[in-house]
Amino acid sequence: MITEQTSQIAFNKQVASRVFLMGLKSPEMRAAAVPGQFVMIRVRQAMDPLLRRPFSICRADGDLILVLYRVVGRGTEILSEMRQGDSLDVMGPLGRGFGHPPDGRRAILTAGGMGIAPLLFLGDSVGFLGCNLLAGFASSDQVIGPDRVGLLNVEMSVATDDGTLGRQGTVADLMEEHLSHMDPEPGMVFACGPIPMLKAIAAIAMRRDIPCQVSLETTMACGLGACQGCAVKASGRRDRSYWHVCREGPVFDARDLDWGAL
Amino acid sequence: MANLPDLKIRVGPLNLKNPVLTASGTFGYGAEFAPLMDLNRLGGIVVKGISLRPREGNQPPRIVETPCGMLNAIGLANVGLEAFLEEKLPRLRKLRTAVIVNIYGNSVEEYGEVAAGLRGADGISAIEVNISCPNVKQGGMAFGTDPDMSARVTARVVKAADRPVIVKLSPNVTDIRRIAMAVEDAGADALTLINTLTGMAVDIERRVPRLANVSGGLSGPAIRPVALYMVRQAVKAVRIPVIGVGGIMDYRDALEFLIAGARAVQVGTANFVHPRTGLHIIDGLTDFCRAYDIPAIEHIIGTLKEK
Amino acid sequence: MANLPDLKIRVGPLNLKNPVLTASGTFGYGAEFAPLMDLNRLGGIVVKGISLRPREGNQPPRIVETPCGMLNAIGLANVGLEAFLEEKLPRLRKLRTAVIVNIYGNSVEEYGEVAAGLRGADGISAIEVNISCPNVKQGGMAFGTDPDMSARVTARVVKAADRPVIVKLSPNVTDIRRIAMAVEDAGADALTLINTLTGMAVDIERRVPRLANVSGGLSGPAIRPVALYMVRQAVKAVRIPVIGVGGIMDYRDALEFLIAGARAVQVGTANFVHPRTGLHIIDGLTDFCRAYDIPAIEHIIGTLKEK
Amino acid sequence: MITEQTSQIAFNKQVASRVFLMGLKSPEMRAAAVPGQFVMIRVRQAMDPLLRRPFSICRADGDLILVLYRVVGRGTEILSEMRQGDSLDVMGPLGRGFGHPPDGRRAILTAGGMGIAPLLFLGDSVGFLGCNLLAGFASSDQVIGPDRVGLLNVEMSVATDDGTLGRQGTVADLMEEHLSHMDPEPGMVFACGPIPMLKAIAAIAMRRDIPCQVSLETTMACGLGACQGCAVKASGRRDRSYWHVCREGPVFDARDLDWGAL
């Protein structure tokens, strides 16, 4: 069930360089949310910026939903200035979340940068016994781990481009490494992050025939499947040209996407 | 409840429970918003533009935000006439609000075919003819910027259709009155204006257009002054009713159009900002009429005093 | 300082120290802003439109704010040709920046007379012909929306003037390319676009137009996507240089126009929001070129990649 | 000298129903300001609302200029939410301030509602020995006196429409009353407030041949005399059709205005 409401900010704190964690009071959304879903937030009561901004739910806690966001432009800048007790128009939970690995097998969760957000929620719901959470970041000061959002039952392996924390390299390297000594093979790979990273992960998974679900980001207007603004090209295997990320996604089976067009 | 103002309004042959409709392309097929509101409270729903065959739409990116507005180049992506009738209409039909089907064709003939295809279909209050879409290569705006072509499309649809025909005009013209009059003469029952203004945005880092389609249609509060002006121009030029659309965000904006002479308004981009904008406007109009002791919204329409 | 990028730019016969000008009607006669900035740093100043005789302008209210924009109906209030030459030009002449005189006439003849009246006057780099003002009863936009009339005004001014002639186009047309080409053929040295879009606003309490003139010209960031689109259309249609204007608030906006092919930009409404916008844009362009190792702004112009 | 700068908010406090007093740090403007002048404030760094808002300077104190404003719309609403330490783009002082009464004679200062703002500054600079400050308000809860802006050397007589404070009636009534026992007649009448109030005051003053200066409000875009947006019709006695309130005003000799067109 989708809710649209004015939610109170329980907290809004910086957790890494330019990255903030916001708790929004919404028992309704908290109850309905599944990992991989997102909310649309109106960053202020003004006509500029006009459109809502989409953010993954990174955790559900008590009667709060948590979003983890990086300040990249005007909207997120404004968000970062909000204080506890302020209110925001929030709509959600939206979209289709992550599926389950076949017959409860172990999952690999791969994140690139802020792609960590929905995977934290997923990791939390699966628990560290059920998954390996692998994450790649540019550098150590960008690293956001489960602890930053208050999750203690999730473990994370880290790679950084510059080697300042964890393995030097990408999350794809990290995944290859893990796959090389995982037995049995994981039942599913989940991925969220920049397109090149998703491409790399999906390629590895598809090569090994491991089911792979990726979570995509596109520009959105409505978040409800009404405007058709958030289209991404579907692969030939489906009888349609485009998916709408807000409604049929943001989580897709990697094989359902036209990776060449992304 | 005794002194609830009367919001009912006639738009030519159409009887609406109130003058607040949702605009084509911004409200899907209604169902998308059903979880969030009681659709029956709306004066009407104009569905996404329907073409004879399904259209996949333009390549992404299809939308970009601009100051107080947005550009879209959806490219009239839609399920096509057949799927609309089979999959979308049954659900729409159950609503207790006017359902208006926005249609689009690649040629004069195709417009006629879509209108003919809707003949006899239950639960459609009117047809809105989009002769003004800037985001498709063929037809679309090319029709809407030429009075003769506008008239031909209109006449064809009027002939083919078995219910009221509303024609939706493009603002990208030198003189909106000429188009409005041509469409009126061709037999339209009402006009809707405006569709989007053509615009563009550039990604300065990559030096490419922000829309894959290069240009797109500008909508939102940014265009409201232009929409209002054109509505006023049309109201003064024709006798058929005019439906106003463009940048309406709240009841105050809606009132500007009604006072200027629009008999109904459509809410477009605002649905993205707040899905219940239409309902808020209905409530706002009710309160306004009450506060000023106006018994019926009809009393407000066209009351603009120009010196 | 060795690696300061070169911002110099040629706009047809005009040589500017940088591509940032202030737009007519938004910067007075320059002097108004002198207490707040070094005017000499600007690429140029386009002064308020000058007519043969002084014009008192429209009745107030003349301006109203709109979402991300404003409507104005100043009505070309100006001191007239004679007072301009005697009172305003001497001070402007002392500046070390290009001074462009925007002119306006009630008839083709009058345009010629104003241009002739500026002959021989020292310190004027070019004439910008406003064929696109929506806020005056006679002439103005009527010229700018018709290709033939646009061409006639242009030819007359070109004949009468003894310096470069820039023609400023109206966006309130169906096809900007037709006007642009007509004006090019008539001998213009450059084009400026866009002037304001026609719009209107209503006072819902008093049920009167918010502007005494009823309608006015919409400017500001709201119109930027439309301006950019029209500039791009014109750039592709003509060979003479195009100056872009409409909603430019910062250097990023300016870059959108330059990348789309404008050889210079004008800053209008932004001067009201921040009087030093022009200088901020110059600084921003400098920093941008530096950050991307671009030796000269010339290298950016028209580099938009369209598929 | 006009300054345009980013000024820090020293305080922003509510002083009456919907009325706030803001202190802005600006030694430059403080030094240059004379009573009757105003500043243009950009209420926030955003494109909506787009234009600056004009406010009279109601007091100069230390290195602060003070503005007294009523929340009437979006811009003033935003202003009222600003806090100490926040910054605002401010430009000023702008326009021509009040002139002096001939040969230092006593002045009558008349205010309607928020028109009190510039007159407080004027009253402060003249001192209560030099003037009678008369002010009309709708009701007692709207009354803003010198004390609200920290002025102790200014006295004020009040009229309210509903008689809940001071004399019942208008400030014009109050003025008639004062004039009836002022001897010699005042050297000048100063007025600021809504147009009907200014009309009444100017009529009384002109009837008695007392010089009268009124401060006007109009919509403004530039505040610098460049856009010509702030025009008001001049009276026949001047060789021009319009005044620009931002530059030739906001203070005008009552005889220089076409009162029929206001």
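Labels A, B, C and D are assigned to the chains in the order they are written; within every chain, residues are numbered from 1.
Simple rule for what comes next: contacts are C-beta pairs under 8 Å (C-beta built on N, C-alpha and C of every residue); 3 or more make two chains touch, one makes a residue touch a chain.
What you are looking at is a predicted structure, and each value in this text was computed from that prediction instead of being measured.
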| item | value |
| --- | --- |
| Length of the shortest touching-chain route, subunit A through to subunit C | 1 |
| Subunit C-subunit D separation of Cα centroids, rounded to whole Å | 36 |
| Centre-of-Cα separation between subunit D and subunit A, whole angstrom | 55 |
| Centre-of-Cα separation between subunit D and subunit B, whole angstrom | 46 |
| Junction residues of subunit B - those touching two or more other chains | 67-69, 220-221 |
| Where subunit A touches two or more other chains, by residue | 47-48 |
| Pairwise touch network: line, ring, star, complete, or other | complete |
| Complex interface listing, subunit A residues touching subunit D | 46-48 |
| Residue ranges of subunit C touching subunit B (in the complex, touch as defined) | 66-69, 71, 145, 172-175, 197-202, 204, 206-209, 212, 214-215, 218, 220-226, 228-229, 232, 247, 252, 255-256, 259-260, 303-307 |
| In the complex, subunit A residues that touch subunit B | 1-2, 4, 42, 47-52, 89, 91, 218-233, 240-242, 247, 261 |
| Residues of subunit C touching subunit D in the complex | 25-28, 32-33, 35-36, 48, 56-57, 59-65, 67-70, 72, 74, 77, 220-221, 249, 269, 271-276 |
| Subunit B - residues contacting subunit D, complex | 67-68 |
